[in-house]
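Okay, so chain A shows up in both of these, paired with chain B first and chain C after.
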Partner chain A sequence: MTTVDAHSALAGEPVSTVPSRFGRRSITQAAIAAAVFLIAMFVLPALTSTFWVKNFTSAAILSIVAGATGLLYGRVGLVSLGQIALYGVGTWVTMRLGFATDWPYPVLVLIAGVITAVIGVLLGLPALRLQGLYLALVTLMAAAAFLVILADTKFPTGGPGFKGLVVEVTNSDSMRRPDVAETDFGFYRYVLVVAVIMFGLALAHLVSKPGRAWASIRHSEAAALATGVNTTTYKLWAWGLASFMTGIAGGLLAAHVRSPSTFTFGVEQNIILMAVVVMGGVATLWGGVVAGLLVAVLPELLQKWGFSSEWSLILFGTGLFANLLITSWQLDKAGIKE
Partner chain B sequence: MIEVEDLTVRFGGVTSVNQVTLTFPAGACGLIGPNGAGKTTLFNVLSGFVRPETGRVSAFGDDLLAMPDYARARWGLRRTFQTEQAIEALTVYDNVLAVYEHTTKGRAARQAAVLDAIGLVGLGDVAFARVGTLSPRQRRLVEVGRAVVGTPRVVLLDEPGAGLPEAETEHLGAVIRTIPDQVGAMVVLVEHDMSLVKACCEWTAVLDFGRLLASGPTAEVLRDPEVLKAYLGQEDLQ
Partner chain C sequence: MLNTSQLFPFLISGLAFGAVYAMSGTGLLVLYRTTGVLNFAFGAIGAMGANITWHLIEKTEWCPDWLAYVACVVVSAALTLLYGVVFAPRFANRDPLGKMLGTLAFALILLGLMFNLWRSQDARGFRLPTGTRRFEIFDARVTWTQVVAVLFALLVVGGVTIFLRATKIGTAMRAIANDREISSLLGVPVRRVETAAWLGSGVLCGIVGLLLVDLFGSLDMVLMTWFVIPSLAPVLIGQMRYLWVTFFAAFVIGVVEAELNASNWGWPSQYRKTTAYVFAVGALLWFARKRTIMISGRATR
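So, the complex of A and B:
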């Protein structure tokens, strides 16, 4: 049908039946999400050992960071290779407050998230005019700068002062856990719930005004401006949300490993993160979950099967490369220039 | 109406718009001219993407050049682009809503306003389809829908008929003709398809190499020998 009845268009007929915005597709997706959550919460721990539950906890925590990075890249068009630095900020703040106060654990994590969000927005400000490669480079440099600072401050161990380090590191206190989730299995479930809340927060953004503004900005900043979108505000909002999520994840990590090492936040981790984010897919938030599993579970699986975990690096590199190639072929075929 | 006074735009050595003075009246106006005449540049000045060297532009009495680009949308200026700008990742509804919520105040009325705009362009049955799944004709109509939602005052359409076959441009023309009455906005239409211009616009201006060549009622302008010379070249007339 190539022509539309011009008369009905001219009459300005209002759409008589308003189809529901939450069609069958949304209900199916919600059902799948609920099923996956329930299986992860109750079925998975029953089938595995403590060792694997700890890996799955890491996967869940990293999936929050991956989800945030994927949101920035896939929905707003911002390449951030500095998320691991913000992850470290979240861990650091949680630990410092954890030793200095006896506030409940959720409060610590929330404050860490907010402080990380503020830092993320401050980092995003000068980067507003940068795009693509240059934005990636600047964020990578910020990650490297963070590592320099971290080498000096190290992670708090219960001592006084800003850095909170004890003189003799023999008996360094490790980070406490929430009372309700002292055990590894308990903490795993705690992390799952927080992850669902974080993904829910991201989803709430994506289906409402900021999500539409981000889609507009990602498609064409000029057109977005021409339709009245304040691109500065919305880009900073994206940085803020992604940094908040990452900071919360950092707070979870603090209680997960209890004595984090600086190696966890190495500069190359940012590139590995971006690789798994791209491999997991940036079109949906599920990509973050896949990315978390890739980076936290795959290396352990490889080791279990007798391969060196270094193979995972090769797989991630190949996967990233293949994904980018295939995406560019597909875009080429569809005649879209990206 | 839009009053353009002594407008000059230069890009390095190229003078894209050369001391143009004209007034677009209310209703639907055409802006035509050969390629490179300065039509899209004039639109870019109106949108705020290009700063003119000299000149003044006022619309309905407001100084347009004094407003920053993102504020002009809130004032009531809407524009479509030569290359499609409808957002493929979103549905038709969300595409139009995305414009409404950044230009018009009032959450309560938004569903009605968005559906009205979608109905006006005739996309009612695909209102909740993703734009990525629609045909080029439908995507053009989505853009027109984005341009007319809410209460715009000026709608700039940049070659909306480009690449469309005749039957589809007829429908497009019918939609554009309704805009001044049903939406209450004046329209400026840049087009190469003369049948579309004749069908929609009572008044037309012609640019050539950045200068205003002619302006007035469409039928007269299209018969003007200077205009024909600019489009067809002198030799063909002989």
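So, the complex of A and C:
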């Protein structure tokens, strides 16, 4: 293992070698993923109430966003603290189109994903000149600006014009769900299937040419350039894929909560997301699943156990802290400096 | 058309907030240059200090107000020092992003603690003695807190400039900012200098916390915690390097933000809140217009 590989592995980050498609490890992981999916799809709804199914739906949606953020950070080395803003774009586009047209819900979500990807790439194009801390800050600032705009435009409620707002909102002015998933249980299963498709899409990228290019960019952009990797294209590709996944998640959220609030997309949510993504781990896509569960389910569990949900902030902070301390200690032990 | 008398009150308000941005920016910049840590917990620490001040004023009978104000600064300095001395050295081998994530974790912990100790829905706040005294200039009401904020910002930036140039520890800070490893090899007491930087930054956290409560008119822990984000805008415009550029950028942002609040511009007034972000993102992209790659926090072309 080279120094760079050792460093990445110790830091809980991916090593440069891309796992083979059909190795024993891959088959085991695929089997575990299939088992988790089947349990989540059929066993969990049978054992829990509507309340928890709604929370698990939120977790599945957020796991897509977390998976996209983790992919950018862990696989390409791009830090986005603005992913929640793109999540909001996906939600807004889905709702606007949902009220303006009779198009089938999957089409709305797909268009939301594509539009979010285009916006993500347009925002990412100039930002790709930046890396590390600067990229994190520029994305966070862009997200903060987006929140201000969102606070003014609000989410569409079926009215006319660009904003699509009506003066008096009634229950009928909420976002529709797909015909096959009108109930909360049905929609939970629908979201699970979409989440699996999104993670499958990410995995397909990781085990093929883009994944290898991203790994080389992540370790050394200069070396990647020297070996003929078109770094701009592949970075934009990663940005576009992550934005697409996030936009799709936004589309799912629109039908999940039906009347979303701008508070869902607060600046602090970007920071909490990054904290849980690091806690969940960025080395594998499983980190996204863990992060989604942490954000959506942990606060509710705390409330159920008699604690205020704000304890989750302390736990997220402590978890991030512990993760950083452990990886720093491991780096120290190996005599590696980032 | 707006006339000068309409703009003037917003100018005063803008200068006051610009001063707070300038003080926050100075605290963040000096700490970053000396330790390599961009302290995202700056706002949370100030908010924690301000909450303790509120608690001492409103919930105790024995504590005089002046002592409660001092407590804000002391608590903020102590918390910053705690992080800087106990935790920050553990992340010494991380890149600037890793170090920043450590402070983000600290901010989340503090925010969670504040939520649990002082419920967010309680209407809280306190006035500094300077906040209740006013005078008028060109029909605009000016509080002494606004005047104090501007004077204090000038004092802080001027004082830091002199400190960095004229004192032994200031020179050591500049040396570390230039090249940490060589400075260490030459015998500069890096840990002691870093401790001084953390302490100074912590004191500024407390002062900013006090001023913000008075200027906002309430103690909003979430708003104060994430006030660090717009406060970073002037630091970024100053390329995380130039103190006086940061200082002037802070005032420009503060004034532009406030003037956009004047409703007759035909622009929704809440868009004024994007001012700092637009300036910062614009500046970052402008500086990065030539290909720049960041390696371990250092720019190479």
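Heads up, the rule we're going with is that the second predicted complex is superposed on the first by the 312 of 338 C-alpha atoms of A that agree within 3 Å, B and C clash if a C-alpha of one lies under 4 Å from a C-alpha of the other, contacts with A are read in each partner's own complex, and residues count from 1 in each chain.
Criterion: contacts are C-beta pairs under 8 Å (C-beta built on N, C-alpha and C of every residue); 3 or more make two chains touch, one makes a residue touch a chain.
The structure displayed is predicted, hence computed values, not measured ones.
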| item | value |
| --- | --- |
| Touching partner for A:Met141 - first (chain B), second (chain C), both, neither | second |
| Which of chain B and chain C A:Lys209 touches, first, second, both or neither | first |
| Touching partner for A:Ala222 - first (chain B), second (chain C), both, neither | both |
| Partner chain(s) touched by A:Met175 [first = chain B, second = chain C, both, neither] | neither |
| Partner chain(s) touched by A:Ala85 [first = chain B, second = chain C, both, neither] | neither |
| Chain B versus chain C as contact partner of A:Ala296, first or second or both or neither | neither |
| Touched partner set for A:Leu97, first chain B, second chain C, both or neither | neither |
| More chain A residues in contact - chain B or chain C | C |
| Touching both chain B and chain C, residues of chain A | 222 |
| For the chain A and chain C complex, residues of the former touching the latter | 79, 126-127, 129-134, 136-138, 140-142, 144-145, 148-149, 151-152, 221-222, 267-268, 271-272, 274-275, 278, 308, 310-318, 320-321, 324-325, 328-329, 331-332, 336-338 |
| In the complex with chain A, residue positions of chain B that touch it | 47-49, 69-74, 78-79, 81, 85, 87-90, 93-94, 97-99, 101-103, 111-112, 115-116, 118-122, 124, 127-128, 137, 146, 165, 167-168, 170-171, 174-175, 178, 182 |
| Of chain A, residues touching chain B in the complex | 2-6, 8-10, 12-15, 18-19, 21, 23, 209, 212-213, 215-216, 218-220, 222-223, 225-231 |
| Chain C residues within the chain A interface of the complex | 38, 40, 87, 90-98, 100-102, 104-113, 115-116, 222, 225-226, 229-230, 232-233, 236, 268, 270-271, 273-274, 276-278, 280-281, 284-285, 288-289, 291-294, 296-297 |
